[in-house]
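Consider the two complexes below, in which subunit A is the common component and subunit B and subunit C are the respective partners.
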Partner chain A sequence: MIPADITNENRYLGELVPKICRYAGLGGLALLVASVVLGWAGEAGWERLLRSYLVAFFFVLSLSLGGLFFVLLQHLTRAGWSVVVRRIAEGLADNLKWLWIPFIPILVAVWTGHLYDWADPSRLSDAERALFQHKEPFLTPWFWTIRAAVYFGVWAWLARFFVNRSVQQDATGDPQATARMQSVAAPGMILYAFTQTFAAVDWIMTLEFAWYSTMFGVYFFAASTCGAFAAMIIIFYLLQRSGRLTNVITTEHYHDLGKLLFAFGVVFWAYIAYSQYMLIWYANIQEETIWFVIRQLGGWKTMSIFLILGHFAGPFLILISRYPKRWKGVLAIGAAWMLGVHFIDLYWLVMPAIPAELIQSVTTYSQLVTEFEASYLPEYDLHWRVLDLTCLLGVLGVFVAMAAWSMRNRSLVPERDPRLDESLAFENY
Partner chain B sequence: MNDSSTTAAPTDRPGAAPPAIPREPGEVIGKLYGLLAEFETPAAIMVAAHRVREAGYKWWDCHTPFPVHGLDKAMGIRPTILPWLVMGAGLTGAVTGVVLQWYTNATNFDAWLIVPITGYDFLVSGKPMWSLPANIPVIFELTVLFSAIGCVAMMLFLSKLPWLYHPCLKNERFRRATDDRFFIVIEARDPLFYRRKSQEFLKSLGATAVEALEA
Partner chain C sequence: MTTLVIDNTFDDPTRRAPLVLGHDRFGTVTEKICSISEARRPPRAWYIAFAISLAFASILGVMILYLFATGVGVWGNQNPVMWGFPIVNFVFWIGIGHAGTLISAILFLFRQKWRTAINRFAEAMTIFAVICAGTFPGIHLGRVWVSYWIFPIPNQMEMWPQFRSPLLWDVFAVGTYFTVSLLFWYVGMLPDLATLRDRARTKVRAMAYGIFALGWRGSVRHWHRYERAYLILAALATPLVLSVHSVVSFDFAVAQVPGWHTTIFPPYFVAGAIFSGFAMVMTLAIPARQLWGLRDFITMRHLENMNKIILVTGSMVGYAYLMEFFTAWYSGSIYEWFAFANRAFGPYAWAYWIMVSCNVVIPQIFWFQWARRKIAVMFIVSLLVNLGMWFERFVIIVTSLAQDYLPSSWGYFTPTWVDLLTLAGSFGLFMTLFLLFCRYLPIIAMAEVKHVMPQANPHGHAGQEPGESEAGR
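And now, the complex of A and B:
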């Protein structure tokens, strides 16, 4: 097979940029306004709006972080095959430069004592206070804000470093840029691992401050790679449908992205999720198991089983074979499915709340189940709201528009990367 | 050379080994194994492999110093059935894991597995006797173990390995297969194999040398 000649290809988003910005960006902003109105006027209320917003924010954050991970990984391993797909991952990671802006509502929520129980310790019961005592120095709004600033600082710096050098290389063709990125990739990966882990702990795990899992950072990492690889497959599919990079991205590249999605998003995710579950289930410590107990009640139970089947078993059986990964349409549908279940996974992490009074009033598991179903079901059960959808589509719309805007003058492939030819000629064996 | 009495005179002494007969490179004295054709570039062997396949040969192979991308396709090699065998091995491992743990930890009846055995229901930290979460690690590990061992064993079996000896290795020229030369070997057992015709055919593909291989 003769590798594609990139000069014959449509390598720019071009006239799509204003279109995407208009529809996705303005539509997204409109949906965000609608969400605020729904939160203000609807029965769900501000707390619910904040939680929905947190899920939506984490959804786009996971795409960006997954993209950054991909870029770091390719430089770290000096990968040749991935050069032609790297620019899209850079586009996802590039959004980390401004993602601190949509984080501001969460920051405001913490400083005004919302969303997180620890944000307003005066509301805690005596029993909760006893559990909170040891964590209080870590979970103060000040320290929490400083940490958040560090995470966003590190991410923005990493994204800036890798994206700018890669884009500059399009003009200069300087191979030293690649060498420099490779040498920064290793410490960059360590920084990424720490910030990503602590961010997941700070922003999702502390929703239930008494609960902890040492696996949680890895869990969010696995989830974010699932989102990013699925998003990349969909983006390439859509780009090729619109006549861009038609010969540059081949079946071979889809095959490898499919392998990564299978390995990280399906198998690794399940491995981590199960490891987390099994240790907590086995140790059987009350403040740990309650996090899973609440996810085994009412509608949450259905959702948990759905995640096992829809995020692991089904995709595992389909994606394990070589053929679906080499069949663009099927892989794109599979990726869209994975992106959907990734959202449900985040929803499942953030949404279920543990009614504190319930835990104090019961002594056995069967009592807890009966009591929950008798009196707490209407408030604490799984309820989808329009808010969830408007928040997600709103934030995602803005995210997509910003990604497209950042790509307005950039080629969709790293045009003068020293390994470009290797990537164009890449084949799987 | 025609006069054998001058070149290789048989010795009179009984029991002495006959002196070694000088052989041309690639000259066959024993049974013929096949023909070895040497090519200088990956591109040349790609084209040649495609033509050998089109000519209808079945018993032939390529030897290259490194994996040449696209050669499998040019040779028309069908995908291996190994993945399906590995899946079978993996499922066997999973079932073994389930049955093993269920029988040894959650039952108490007698059975016979070469020797008499008995189940031993054993309560661990108040968990149910049969509880899937606790058993998944062992099921997982046995699946991996059976798949890995099965994969290696069946790969060897399908490749008919180990071979203690291969006719190609007798050939001087073939040594460069690990360095900078690319070889095609057509075996004599191929129904289309005719010593002279096949030799001409390989030459016509641009082989820099064609030699016969001794079995």
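And now, the complex of A and C:
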């Protein structure tokens, strides 16, 4: 196989940028406005809008964080194969520098006592209030806001550092830039691990006020790698369809991205999800099982089973084989599926809530099921709403437009990376 | 003859570092590695080490006999700490046994070519460590004469093991791991065994290696099948690296014991196992490298890479310690918080701080390049990590049991002399097996090392010098 010559390639988004910005960006904004209208006028209400919005926000955040992880990992391991696919991961990560803006509604929600029960202690039951006194130092809006500022600061700095160095290298061709990124990748990974973990704890885990799991940060990490690797495969597929990077990205790169999606997004995710569930189920301690109890009732039960099959069993059987990973069209469909189930996974993490009074009024699991089905089902069951979709597409549209906008003058491959040749010639044996 | 590169520790993004130094022909590689097991006599240090190891292994045998003759009362296991040294040692040895398969399977799938120099004896170490590990639950059974009952063997009495118990899952997990690791090690060794057979000067050697080489003739067809088999075994062994220590962690984490029941246990145990395994590889590789002059194969770059993995996994373990502590506080559960505060400040605080300093604090020295390249530093750190990881299991098991929910039943665990000698004896068994391996088998995967030499890749792609391999990631 003769390695591609990048100078023969269309490697800029070029005329696509205004198009993407117009359709995705303006469309996204319009959908966000529609979501607000639906939340204000519809039966779902503000609380529901905020939850839907949180899911959508986490969806794009996970793509960016997964992209940042990919960039850090490639530099940390001095990888050669991945040079040609790295710029797109950088593009995903680059969005971290402005993701604090779509976070503002969540911040406002906390300060006005919405979304999280602890943000408005009057919503807590008596039993929970005693616990709240214990957790209060951690869950005051002030401290919570400062932490959020730290996470966004760290992410924006990391993303800027790696993206800027990499883009500058396109002009200078200086191998020292790579050396510098490699040395920052190691402490960067440590910062990444902690900010990513505590963001998941602060913004999702505390939704269920009393619940806790030491694994939660790792779970979100696994989910975000699933989202980012799937997104990268889809982006390359679409770019190549539009006549860009046609020879630079080869079957071999798809194959490796497919392996990563399989390893992290399917198997590692399932390993973490299974371990968390099995340990909590087996020990059967009430304050821990409560989180899974609601996810085993009504429509949530169907969704849980769907996740086992759709996020693990099905993709496992398909992606384990070599052919689908090397067959672009099939891999792109698989990646789109994984992106979809990743959204459902986040939805499943954020949406279900169990009424505290129900837990206090029953003594056995079967009683709880009967009681839930008799009186709480209409309010607490799984109900898809239009605003779930408008929030997701709205935030995603803006996200895509911003990513395209920051890529407007950049090449889609790191043009003068010292390991570019190695990546172009890369083959799986 | 080309100029030979001496230093391969550079970190230059424009070129890949060579992984084998000082050899520009395959023949000299074969000669060097085979000479270790072909020598008429091993070095004097080997005899001394072997004598000491054998003595300790004999102590293990005597201790086990004494145990069988007397009963488990000879150990320090006593209410409330019913799981004492034997389980600590079991988890410790299983952990040691993780580096081999990580190096041979996961690093193989990640195309980390530097693994070729260390994978053979890391795999051997894995097998010996699992043997040591398996000994402990075996002798812990009390009625050892019915120890086969741990396997689900159909029988007239309709007696079955408890399938809902993670202890039984352990039997399957460890059994599978041992089998696959052994197969992987053996399959990988076939070409090298054939080399030893072909070079044998005596009939006995030729026969012995010949039987185990399974008729390997090095034909293209053999190589083709061999490489497929190797890849499949690597793919099968990869989930095993995760599953074995995850299942071991279930032994604890499914219980309602504060300090045991925490959801991060599976990945945390796996990271810890790889951490301790790499430390043990380091502890063994450094003397072996000196003793048999293997610096051209296990180069400074290899050692530096291993130190980086020790740093990464040590930091993962540190992350888990922190998450456990944070969540114990955040949960608001008084029992959880007591368990962790008690570990850090209670009667076993000494053990806890040995664990934290050896596992988390000391490996941080590997952020510095000079430390990663200093033999003395890495050897000491590797010993301390071994110590720290033994204490981690001690802390987890003993502190959580010694002070449980009922203050009236609190106790303090003290090991007996039998406990201590059994532990020391298990090191003897491990070292005896390892030294025998060093004496009689190819301790470096010759065939694989040759793969990563420039000569194996004469058609280098654009951007590479012809003959330069894309080695040393």
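By definition in this document, the second predicted complex is superposed on the first by the 429 of 429 C-alpha atoms of A that agree within 3 Å, B and C clash if a C-alpha of one lies under 4 Å from a C-alpha of the other, contacts with A are read in each partner's own complex, and residues count from 1 in each chain.
Methods note: a residue touches a chain if its C-beta (ideal position, glycine included) is under 8 Å from a C-beta of that chain, and two chains touch if they have at least 3 such contacts.
None of the values given here were measured: they were computed from a predicted structure.
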So, after the overlay on subunit A, do subunit B and subunit C clash or fit? They clash
Note to self: Going by the contact rule set out at the top, does A:Gln182 touch subunit B (first), subunit C (second), both, or neither?
What the structure shows: second
Exercise for the section: Answer with first, second, both or neither: which of subunit B and subunit C does A:Asp421 touch in the superposed model? Expected result: second
Looking at the overlay, what does A:Thr214 touch: subunit B (first), subunit C (second), both, or neither? second
Comparing subunit B and subunit C in the superposed model, the one touching more of subunit A is C
Practice task
Give one of first, second, both or neither to describe whether A:Tyr282 is in contact with subunit B, with subunit C, with both, or with none.
Solution key: both
Clash check vs subunit B: of 199-207, 271-279, 343-351 or 451-459 in subunit C, the offending stretch is 451-459
Both partners, subunit B and subunit C, contact subunit A at residues 278, 282, 284, 425
Within the complex, subunit A is touched by subunit B residues 67, 69-70, 72, 125-127, 133-134, 136-137
Within the complex, subunit B is touched by subunit A residues 1, 274, 277-278, 281-282, 284, 425, 427, 429
Residue set of subunit A touching subunit C in the complex reads 3, 77-81, 131, 134-135, 138, 175, 178-179, 182, 186, 190, 193-194, 197, 201, 210, 212-218, 267, 271-272, 275-276, 278-280, 282-285, 287, 417-422, 424-425
Within their complex, subunit C touches subunit A through residues 11-14, 16, 110-111, 239, 242, 246, 250, 253-256, 261-267, 315, 319-320, 323-324, 327, 330-333, 367, 461-464, 470, 473
